[in-house]
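Should a chain be cited, it is by its letter among A, B and C, assigned in written order, with residues numbered from 1 in that chain.
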(Lines give C-alpha, C1' and ligand atoms only; values in the text may rest on other atoms or scores of the structure.)
Protein backbone atom coordinates (compact mmCIF):
# COMPACT_ATOMS: atom_id res chain seq x y z
CA UNK A 1 0.00 0.00 0.00
CA UNK A 2 1.18 3.50 -0.79
CA UNK A 3 2.20 5.86 1.98
CA UNK A 4 -0.12 8.88 1.81
CA UNK A 5 1.73 11.01 4.35
CA UNK A 6 4.70 11.57 2.08
CA UNK A 7 2.77 11.68 -1.15
CA UNK A 8 2.86 14.06 -4.08
CA UNK A 9 -0.05 15.89 -5.70
CA UNK A 10 0.42 17.36 -9.16
CA UNK A 11 -1.98 19.69 -10.91
CA UNK A 12 -1.38 19.17 -14.63
CA UNK A 13 -2.67 22.39 -16.22
CA UNK A 14 -0.33 22.59 -19.20
CA UNK A 15 -0.94 20.87 -22.53
CA UNK A 16 2.77 20.86 -23.40
CA UNK A 17 4.61 17.59 -24.04
CA UNK A 18 7.71 18.49 -22.04
CA UNK A 19 5.69 19.63 -19.03
CA UNK A 20 3.56 16.46 -19.17
CA UNK A 21 6.80 14.44 -19.22
CA UNK A 22 8.07 16.30 -16.16
CA UNK A 23 4.76 15.72 -14.38
CA UNK A 24 4.71 11.97 -15.09
CA UNK A 25 8.38 11.64 -14.10
CA UNK A 26 7.75 13.28 -10.73
CA UNK A 27 4.67 11.11 -10.08
CA UNK A 28 6.54 7.94 -11.10
CA UNK A 29 9.47 8.93 -8.91
CA UNK A 30 7.19 9.27 -5.90
CA UNK A 31 5.27 6.06 -6.61
CA UNK A 32 8.52 4.12 -7.13
CA UNK A 33 9.57 5.22 -3.65
CA UNK A 34 6.28 3.79 -2.33
CA UNK A 35 4.54 7.13 -1.84
CA UNK A 36 1.04 8.09 -2.89
CA UNK A 37 0.99 10.13 -6.09
CA UNK A 38 -2.03 11.88 -7.58
CA UNK A 39 -2.29 13.84 -10.79
CA UNK A 40 -5.22 16.22 -11.35
CA UNK A 41 -5.64 16.97 -15.07
CA UNK A 42 -7.27 20.34 -15.68
CA UNK A 43 -7.64 22.83 -18.56
CA UNK A 44 -5.18 21.94 -21.38
CA UNK A 45 -3.59 19.24 -19.25
CA UNK A 46 -6.60 16.98 -19.74
CA UNK A 47 -5.26 16.23 -23.22
CA UNK A 48 -2.68 13.94 -21.63
CA UNK A 49 -5.42 11.49 -20.60
CA UNK A 50 -7.61 11.77 -23.72
CA UNK A 51 -7.85 9.00 -26.28
CA UNK A 52 -7.16 11.50 -29.03
CA UNK A 53 -10.43 11.41 -30.98
CA UNK A 54 -12.20 14.64 -31.92
CA UNK A 55 -14.38 16.01 -29.13
CA UNK A 56 -17.11 18.61 -28.72
CA UNK A 57 -20.78 18.92 -29.70
CA UNK A 58 -21.38 22.66 -30.02
CA UNK A 59 -19.64 24.94 -32.52
CA UNK A 60 -17.18 26.15 -29.88
CA UNK A 61 -16.67 22.69 -28.51
CA UNK A 62 -15.81 21.32 -31.94
CA UNK A 63 -13.43 24.21 -32.66
CA UNK A 64 -11.69 23.65 -29.35
CA UNK A 65 -11.60 19.92 -30.09
CA UNK A 66 -10.06 20.56 -33.51
CA UNK A 67 -7.33 22.83 -32.11
CA UNK A 68 -6.70 20.47 -29.28
CA UNK A 69 -7.00 17.28 -31.37
CA UNK A 70 -4.90 14.25 -30.81
CA UNK A 71 -4.03 12.75 -27.50
CA UNK A 72 -0.71 12.47 -25.78
CA UNK A 73 1.01 11.62 -29.09
CA UNK A 74 0.18 14.93 -30.73
CA UNK A 75 1.27 17.44 -28.11
CA UNK A 76 4.39 19.56 -28.67
CA UNK A 77 6.97 20.97 -26.28
CA UNK A 78 6.49 24.39 -24.64
CA UNK A 79 9.53 25.86 -26.43
CA UNK A 80 10.77 25.70 -30.02
CA UNK A 81 7.64 24.17 -31.46
CA UNK A 82 8.18 25.51 -35.02
CA UNK A 83 4.90 24.15 -36.36
CA UNK A 84 5.56 20.67 -35.13
CA UNK A 85 9.28 20.55 -35.95
CA UNK A 86 10.19 21.02 -32.31
CA UNK A 87 8.09 18.02 -31.33
CA UNK A 88 9.80 15.87 -33.95
CA UNK A 89 13.29 17.04 -32.98
CA UNK A 90 12.56 16.71 -29.30
CA UNK A 91 11.23 13.18 -29.86
CA UNK A 92 14.30 12.24 -31.91
CA UNK A 93 16.61 13.37 -29.12
CA UNK A 94 14.57 11.55 -26.49
CA UNK A 95 14.65 8.43 -28.67
CA UNK A 96 18.37 8.67 -29.27
CA UNK A 97 18.98 8.83 -25.56
CA UNK A 98 16.45 6.09 -24.88
CA UNK A 99 14.17 8.27 -22.81
CA UNK A 100 10.78 6.65 -22.20
CA UNK A 101 8.09 8.18 -24.49
CA UNK A 102 5.05 9.87 -22.98
CA UNK A 103 2.63 6.99 -23.59
CA UNK A 104 4.93 4.56 -21.80
CA UNK A 105 5.52 7.02 -18.96
CA UNK A 106 1.75 7.27 -18.52
CA UNK A 107 1.39 3.47 -18.52
CA UNK A 108 4.22 3.09 -16.00
CA UNK A 109 2.57 5.68 -13.77
CA UNK A 110 -0.71 3.76 -13.88
CA UNK A 111 1.03 0.43 -13.26
CA UNK A 112 2.70 1.93 -10.18
CA UNK A 113 -0.67 3.06 -8.83
CA UNK A 114 -0.47 6.78 -9.63
CA UNK A 115 -4.03 8.14 -9.51
CA UNK A 116 -5.11 10.07 -12.61
CA UNK A 117 -7.95 12.46 -11.76
CA UNK A 118 -9.82 14.29 -14.57
CA UNK A 119 -11.13 17.77 -13.66
CA UNK A 120 -14.93 17.82 -13.91
CA UNK A 121 -15.22 21.51 -14.81
CA UNK A 122 -12.62 21.30 -17.58
CA UNK A 123 -14.42 18.32 -19.12
CA UNK A 124 -17.67 20.28 -19.15
CA UNK A 125 -16.19 23.47 -20.61
CA UNK A 126 -14.24 21.62 -23.30
CA UNK A 127 -17.12 19.19 -23.93
CA UNK A 128 -14.99 16.14 -23.28
CA UNK A 129 -16.96 13.03 -22.31
CA UNK A 130 -15.95 10.16 -20.06
CA UNK A 131 -15.60 7.91 -23.11
CA UNK A 132 -13.07 10.34 -24.64
CA UNK A 133 -10.69 9.58 -21.77
CA UNK A 134 -8.36 6.60 -21.59
CA UNK A 135 -9.33 3.60 -19.45
CA UNK A 136 -8.22 3.41 -15.86
CA UNK A 137 -8.61 7.04 -14.87
CA UNK A 138 -10.42 7.93 -11.63
CA UNK A 139 -13.93 9.42 -11.67
CA UNK A 140 -13.97 13.11 -12.65
CA UNK A 141 -13.75 15.39 -9.61
CA UNK A 142 -13.45 19.01 -8.57
CA UNK A 143 -11.03 21.28 -6.77
CA UNK A 144 -12.19 20.10 -3.32
CA UNK A 145 -11.10 16.50 -4.03
CA UNK A 146 -7.81 17.69 -5.50
CA UNK A 147 -7.15 19.84 -2.40
CA UNK A 148 -7.88 16.87 -0.12
CA UNK A 149 -5.15 14.98 -1.98
CA UNK A 150 -2.81 17.98 -1.67
CA UNK A 151 -3.46 18.21 2.08
CA UNK A 152 -2.50 14.56 2.46
CA UNK A 153 0.64 15.11 0.40
CA UNK A 154 4.03 16.37 1.44
CA UNK A 155 4.69 18.18 -1.82
CA UNK A 156 2.36 19.69 -4.39
CA UNK A 157 3.10 21.12 -7.80
CA UNK A 158 1.21 23.14 -10.43
CA UNK A 159 2.59 22.23 -13.84
CA UNK B 1 -12.02 31.95 11.36
CA UNK B 2 -9.90 30.32 8.75
CA UNK B 3 -7.69 27.38 9.61
CA UNK B 4 -4.13 28.33 8.78
CA UNK B 5 -2.59 24.90 9.30
CA UNK B 6 -4.26 23.45 6.23
CA UNK B 7 -4.10 26.55 4.13
CA UNK B 8 -3.00 27.16 0.57
CA UNK B 9 -0.49 29.72 -0.71
CA UNK B 10 -0.49 30.54 -4.40
CA UNK B 11 2.14 32.59 -6.20
CA UNK B 12 0.37 34.09 -9.22
CA UNK B 13 3.19 34.87 -11.63
CA UNK B 14 1.37 34.38 -14.92
CA UNK B 15 -0.67 37.06 -16.65
CA UNK B 16 -2.77 34.50 -18.55
CA UNK B 17 -6.54 34.38 -18.10
CA UNK B 18 -6.80 30.62 -17.83
CA UNK B 19 -4.03 30.39 -15.25
CA UNK B 20 -5.59 33.21 -13.21
CA UNK B 21 -8.88 31.28 -13.32
CA UNK B 22 -7.14 28.15 -12.07
CA UNK B 23 -5.46 30.14 -9.30
CA UNK B 24 -8.71 31.75 -8.09
CA UNK B 25 -10.53 28.41 -8.28
CA UNK B 26 -7.94 26.72 -6.06
CA UNK B 27 -8.00 29.61 -3.55
CA UNK B 28 -11.82 29.63 -3.49
CA UNK B 29 -11.88 25.86 -3.05
CA UNK B 30 -9.60 26.11 -0.02
CA UNK B 31 -11.48 29.07 1.49
CA UNK B 32 -14.83 27.33 0.96
CA UNK B 33 -13.48 24.40 3.00
CA UNK B 34 -12.64 26.89 5.78
CA UNK B 35 -8.90 26.94 5.15
CA UNK B 36 -6.66 29.99 4.93
CA UNK B 37 -5.85 30.94 1.35
CA UNK B 38 -3.31 33.55 0.25
CA UNK B 39 -2.47 34.69 -3.25
CA UNK B 40 0.78 36.55 -3.92
CA UNK B 41 0.57 38.47 -7.21
CA UNK B 42 3.97 38.99 -8.79
CA UNK B 43 5.39 39.89 -12.23
CA UNK B 44 2.64 39.59 -14.90
CA UNK B 45 0.22 38.14 -12.36
CA UNK B 46 -0.25 41.55 -10.78
CA UNK B 47 -2.50 42.41 -13.70
CA UNK B 48 -5.23 40.30 -12.13
CA UNK B 49 -5.59 42.80 -9.26
CA UNK B 50 -5.13 45.99 -11.29
CA UNK B 51 -7.99 48.37 -12.04
CA UNK B 52 -7.07 48.33 -15.71
CA UNK B 53 -6.03 51.95 -16.27
CA UNK B 54 -2.76 52.78 -17.99
CA UNK B 55 0.22 52.74 -15.66
CA UNK B 56 3.84 53.88 -15.69
CA UNK B 57 5.63 57.22 -15.52
CA UNK B 58 8.91 56.66 -17.34
CA UNK B 59 9.20 55.72 -21.02
CA UNK B 60 9.70 52.06 -20.17
CA UNK B 61 7.00 52.11 -17.55
CA UNK B 62 4.49 53.53 -20.03
CA UNK B 63 5.48 51.02 -22.72
CA UNK B 64 5.08 48.17 -20.26
CA UNK B 65 1.77 49.68 -19.14
CA UNK B 66 0.58 49.89 -22.75
CA UNK B 67 1.47 46.30 -23.54
CA UNK B 68 0.00 45.14 -20.28
CA UNK B 69 -3.03 47.45 -20.40
CA UNK B 70 -6.43 46.48 -19.17
CA UNK B 71 -7.20 44.65 -16.01
CA UNK B 72 -8.57 41.19 -15.50
CA UNK B 73 -11.06 41.67 -18.37
CA UNK B 74 -8.38 42.08 -21.02
CA UNK B 75 -6.14 39.10 -20.39
CA UNK B 76 -6.11 36.18 -22.81
CA UNK B 77 -5.60 32.47 -22.29
CA UNK B 78 -2.12 30.93 -22.40
CA UNK B 79 -2.91 28.87 -25.50
CA UNK B 80 -4.66 29.68 -28.77
CA UNK B 81 -4.78 33.42 -28.28
CA UNK B 82 -4.94 34.27 -32.00
CA UNK B 83 -4.81 38.02 -31.50
CA UNK B 84 -7.65 38.04 -29.00
CA UNK B 85 -9.80 35.46 -30.81
CA UNK B 86 -8.84 32.80 -28.28
CA UNK B 87 -9.98 34.98 -25.42
CA UNK B 88 -13.34 35.59 -27.12
CA UNK B 89 -13.84 31.90 -27.96
CA UNK B 90 -12.74 30.80 -24.52
CA UNK B 91 -15.12 33.29 -22.92
CA UNK B 92 -18.00 32.12 -25.13
CA UNK B 93 -17.42 28.53 -24.05
CA UNK B 94 -17.17 29.49 -20.40
CA UNK B 95 -20.40 31.52 -20.75
CA UNK B 96 -22.22 28.71 -22.54
CA UNK B 97 -21.34 26.38 -19.72
CA UNK B 98 -22.14 28.98 -17.07
CA UNK B 99 -18.62 29.10 -15.68
CA UNK B 100 -18.08 32.08 -13.37
CA UNK B 101 -16.11 34.85 -15.13
CA UNK B 102 -12.78 36.02 -13.74
CA UNK B 103 -14.11 39.24 -12.14
CA UNK B 104 -16.76 37.28 -10.24
CA UNK B 105 -14.24 34.61 -9.23
CA UNK B 106 -12.05 37.35 -7.80
CA UNK B 107 -14.97 38.89 -5.90
CA UNK B 108 -15.98 35.49 -4.54
CA UNK B 109 -12.41 34.88 -3.41
CA UNK B 110 -12.38 38.21 -1.56
CA UNK B 111 -15.82 37.57 -0.02
CA UNK B 112 -14.56 34.24 1.29
CA UNK B 113 -11.57 35.93 2.91
CA UNK B 114 -8.86 34.94 0.45
CA UNK B 115 -5.92 37.32 1.03
CA UNK B 116 -4.67 39.09 -2.11
CA UNK B 117 -1.04 40.19 -1.64
CA UNK B 118 0.62 42.47 -4.23
CA UNK B 119 4.37 41.97 -4.71
CA UNK B 120 6.25 45.16 -3.76
CA UNK B 121 9.15 44.61 -6.14
CA UNK B 122 6.91 43.94 -9.15
CA UNK B 123 4.94 47.13 -8.47
CA UNK B 124 8.16 49.11 -8.39
CA UNK B 125 9.62 47.59 -11.55
CA UNK B 126 6.39 47.95 -13.52
CA UNK B 127 5.65 51.36 -11.98
CA UNK B 128 2.27 50.33 -10.68
CA UNK B 129 0.97 52.47 -7.82
CA UNK B 130 -1.27 51.48 -4.93
CA UNK B 131 -4.14 53.44 -6.51
CA UNK B 132 -3.82 51.33 -9.69
CA UNK B 133 -4.83 48.25 -7.70
CA UNK B 134 -8.39 47.24 -6.88
CA UNK B 135 -9.74 47.96 -3.40
CA UNK B 136 -9.48 45.37 -0.70
CA UNK B 137 -6.02 44.01 -1.45
CA UNK B 138 -3.50 43.59 1.36
CA UNK B 139 -0.52 45.96 1.73
CA UNK B 140 2.25 45.27 -0.80
CA UNK B 141 4.84 42.87 0.56
CA UNK B 142 7.95 40.92 -0.35
CA UNK B 143 9.10 37.36 -0.71
CA UNK B 144 9.67 36.98 3.06
CA UNK B 145 5.99 37.62 3.85
CA UNK B 146 4.91 35.28 1.05
CA UNK B 147 7.21 32.56 2.38
CA UNK B 148 5.77 32.97 5.89
CA UNK B 149 2.35 32.30 4.38
CA UNK B 150 3.72 29.29 2.50
CA UNK B 151 5.28 27.89 5.68
CA UNK B 152 1.90 28.12 7.43
CA UNK B 153 0.21 26.41 4.48
CA UNK B 154 -0.16 22.76 3.68
CA UNK B 155 0.08 23.23 -0.06
CA UNK B 156 1.77 25.89 -2.17
CA UNK B 157 1.63 26.49 -5.89
CA UNK B 158 3.49 28.64 -8.42
CA UNK B 159 1.10 29.49 -11.24
CA UNK C 1 23.41 25.70 9.61
CA UNK C 2 20.28 25.84 7.53
CA UNK C 3 17.02 24.61 8.94
CA UNK C 4 15.80 21.81 6.69
CA UNK C 5 12.36 21.43 8.25
CA UNK C 6 11.13 24.76 6.92
CA UNK C 7 13.02 24.68 3.67
CA UNK C 8 11.97 25.33 0.11
CA UNK C 9 12.44 23.10 -2.93
CA UNK C 10 12.09 24.66 -6.36
CA UNK C 11 11.95 22.74 -9.64
CA UNK C 12 13.22 25.17 -12.28
CA UNK C 13 11.78 23.82 -15.53
CA UNK C 14 11.36 27.08 -17.44
CA UNK C 15 14.09 28.71 -19.50
CA UNK C 16 12.53 32.17 -19.20
CA UNK C 17 14.45 35.02 -17.61
CA UNK C 18 11.56 36.34 -15.53
CA UNK C 19 10.71 32.90 -14.17
CA UNK C 20 14.37 32.24 -13.32
CA UNK C 21 14.41 35.58 -11.46
CA UNK C 22 11.31 34.59 -9.50
CA UNK C 23 12.88 31.21 -8.68
CA UNK C 24 16.16 32.71 -7.43
CA UNK C 25 14.29 35.36 -5.44
CA UNK C 26 12.23 32.72 -3.62
CA UNK C 27 15.31 30.61 -2.88
CA UNK C 28 17.26 33.66 -1.66
CA UNK C 29 14.31 34.72 0.50
CA UNK C 30 14.23 31.30 2.16
CA UNK C 31 18.02 31.12 2.61
CA UNK C 32 18.11 34.66 4.04
CA UNK C 33 15.62 33.50 6.67
CA UNK C 34 18.00 30.66 7.54
CA UNK C 35 16.02 27.92 5.82
CA UNK C 36 17.33 25.22 3.50
CA UNK C 37 16.71 26.03 -0.14
CA UNK C 38 17.26 23.67 -3.08
CA UNK C 39 16.79 24.33 -6.75
CA UNK C 40 16.50 21.43 -9.19
CA UNK C 41 17.28 22.59 -12.75
CA UNK C 42 15.56 20.45 -15.36
CA UNK C 43 14.61 20.70 -19.06
CA UNK C 44 15.00 24.33 -20.28
CA UNK C 45 15.72 25.51 -16.74
CA UNK C 46 19.19 24.01 -16.89
CA UNK C 47 20.22 26.99 -19.02
CA UNK C 48 20.29 29.10 -15.85
CA UNK C 49 23.31 27.17 -14.57
CA UNK C 50 25.14 26.75 -17.89
CA UNK C 51 28.30 28.65 -18.74
CA UNK C 52 26.78 29.72 -22.04
CA UNK C 53 29.07 27.96 -24.51
CA UNK C 54 27.64 25.90 -27.34
CA UNK C 55 26.75 22.36 -26.33
CA UNK C 56 25.88 19.08 -28.03
CA UNK C 57 27.75 16.43 -29.99
CA UNK C 58 25.17 14.86 -32.26
CA UNK C 59 23.21 16.71 -34.95
CA UNK C 60 20.20 17.09 -32.67
CA UNK C 61 22.33 18.00 -29.70
CA UNK C 62 24.06 20.76 -31.64
CA UNK C 63 20.75 22.10 -32.99
CA UNK C 64 19.30 22.17 -29.49
CA UNK C 65 22.50 23.81 -28.25
CA UNK C 66 22.27 26.47 -30.97
CA UNK C 67 18.66 27.30 -30.18
CA UNK C 68 19.36 27.28 -26.50
CA UNK C 69 22.74 29.02 -26.76
CA UNK C 70 23.95 31.51 -24.22
CA UNK C 71 23.73 31.18 -20.50
CA UNK C 72 21.75 33.16 -18.03
CA UNK C 73 22.58 36.41 -19.86
CA UNK C 74 20.83 35.39 -23.07
CA UNK C 75 17.46 34.24 -21.83
CA UNK C 76 14.38 36.39 -22.45
CA UNK C 77 11.21 36.92 -20.44
CA UNK C 78 8.16 34.65 -20.90
CA UNK C 79 6.00 37.50 -22.23
CA UNK C 80 6.63 40.24 -24.78
CA UNK C 81 9.87 38.86 -26.11
CA UNK C 82 9.60 40.56 -29.53
CA UNK C 83 12.71 38.98 -30.96
CA UNK C 84 14.86 40.04 -28.04
CA UNK C 85 13.34 43.51 -27.62
CA UNK C 86 11.40 42.36 -24.56
CA UNK C 87 14.58 41.16 -22.91
CA UNK C 88 16.26 44.50 -23.53
CA UNK C 89 13.28 46.53 -22.32
CA UNK C 90 12.80 44.31 -19.32
CA UNK C 91 16.48 44.63 -18.43
CA UNK C 92 16.35 48.43 -18.82
CA UNK C 93 13.42 48.62 -16.41
CA UNK C 94 15.11 46.33 -13.92
CA UNK C 95 18.27 48.43 -14.17
CA UNK C 96 16.39 51.70 -13.75
CA UNK C 97 14.83 50.37 -10.59
CA UNK C 98 18.09 48.88 -9.39
CA UNK C 99 16.82 45.32 -9.38
CA UNK C 100 19.62 42.78 -9.03
CA UNK C 101 20.43 41.16 -12.41
CA UNK C 102 20.12 37.40 -12.84
CA UNK C 103 23.87 36.64 -12.62
CA UNK C 104 24.12 38.48 -9.30
CA UNK C 105 20.95 36.83 -8.00
CA UNK C 106 22.50 33.45 -8.78
CA UNK C 107 25.75 34.39 -7.04
CA UNK C 108 23.85 35.64 -3.98
CA UNK C 109 21.89 32.40 -3.87
CA UNK C 110 25.12 30.38 -3.94
CA UNK C 111 26.75 32.60 -1.31
CA UNK C 112 23.76 32.04 0.96
CA UNK C 113 24.09 28.27 0.58
CA UNK C 114 21.24 27.60 -1.84
CA UNK C 115 21.88 24.17 -3.39
CA UNK C 116 21.83 24.12 -7.20
CA UNK C 117 21.06 20.61 -8.47
CA UNK C 118 21.37 19.79 -12.20
CA UNK C 119 18.94 17.16 -13.52
CA UNK C 120 20.87 14.15 -14.81
CA UNK C 121 18.31 13.13 -17.44
CA UNK C 122 18.05 16.64 -18.91
CA UNK C 123 21.82 16.85 -19.22
CA UNK C 124 21.88 13.56 -21.10
CA UNK C 125 19.02 14.42 -23.46
CA UNK C 126 20.35 17.89 -24.24
CA UNK C 127 23.96 16.61 -24.36
CA UNK C 128 25.17 19.06 -21.73
CA UNK C 129 28.36 18.00 -19.97
CA UNK C 130 29.50 18.71 -16.43
CA UNK C 131 32.08 21.17 -17.77
CA UNK C 132 29.32 23.18 -19.50
CA UNK C 133 27.85 24.01 -16.09
CA UNK C 134 29.05 26.81 -13.83
CA UNK C 135 31.28 25.97 -10.88
CA UNK C 136 29.78 25.28 -7.50
CA UNK C 137 26.72 23.29 -8.56
CA UNK C 138 25.90 20.02 -6.84
CA UNK C 139 26.46 16.66 -8.59
CA UNK C 140 23.80 15.89 -11.19
CA UNK C 141 20.91 13.89 -9.74
CA UNK C 142 17.52 12.46 -10.55
CA UNK C 143 13.90 12.84 -9.52
CA UNK C 144 14.38 10.68 -6.41
CA UNK C 145 16.96 13.05 -4.92
CA UNK C 146 14.81 16.07 -5.79
CA UNK C 147 11.79 14.43 -4.12
CA UNK C 148 13.83 13.74 -0.98
CA UNK C 149 14.57 17.47 -0.83
CA UNK C 150 10.90 18.28 -1.39
CA UNK C 151 9.86 15.90 1.41
CA UNK C 152 12.21 17.70 3.80
CA UNK C 153 10.83 21.07 2.68
CA UNK C 154 7.79 22.94 3.86
CA UNK C 155 7.02 24.44 0.47
CA UNK C 156 7.77 23.25 -3.04
CA UNK C 157 7.29 24.99 -6.36
CA UNK C 158 7.42 24.02 -10.04
CA UNK C 159 8.53 27.05 -12.01
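Heads up, the rule we're going with is that a contact is a pair of C-beta atoms (placed from the backbone, for glycine too) under 8 Å apart; a residue touches a chain by one contact, two chains touch by 3 or more.
Predicted, not measured: the structure shown is a model, and the values here were computed from it.
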Same or different: do the copies subunit A and subunit B touch each other through matching residue numbers, with over half of them shared? different
Considering subunit A as a copy of subunit C, what rotation angle in degrees (nearest 5) results from a C-alpha superposition of the former onto the latter? 120
In angstrom, rounded to a whole number, how far apart do the mean CA points of subunit A and subunit B lie? 25
Scan subunit C for residues touching two or more other chains and write them down. 156-158
Touching residues of subunit B toward subunit C in the complex: what are they? 9, 11, 13, 15, 42-44, 58, 60-61, 63-64, 67, 121, 124-126, 142-144, 146-147, 150-151, 153, 156-158
Touch list for subunit C against partner subunit B, complex: 6, 8, 18-19, 22, 25-26, 28-30, 32-33, 35, 78-80, 89, 92-94, 96-97, 99, 154-159
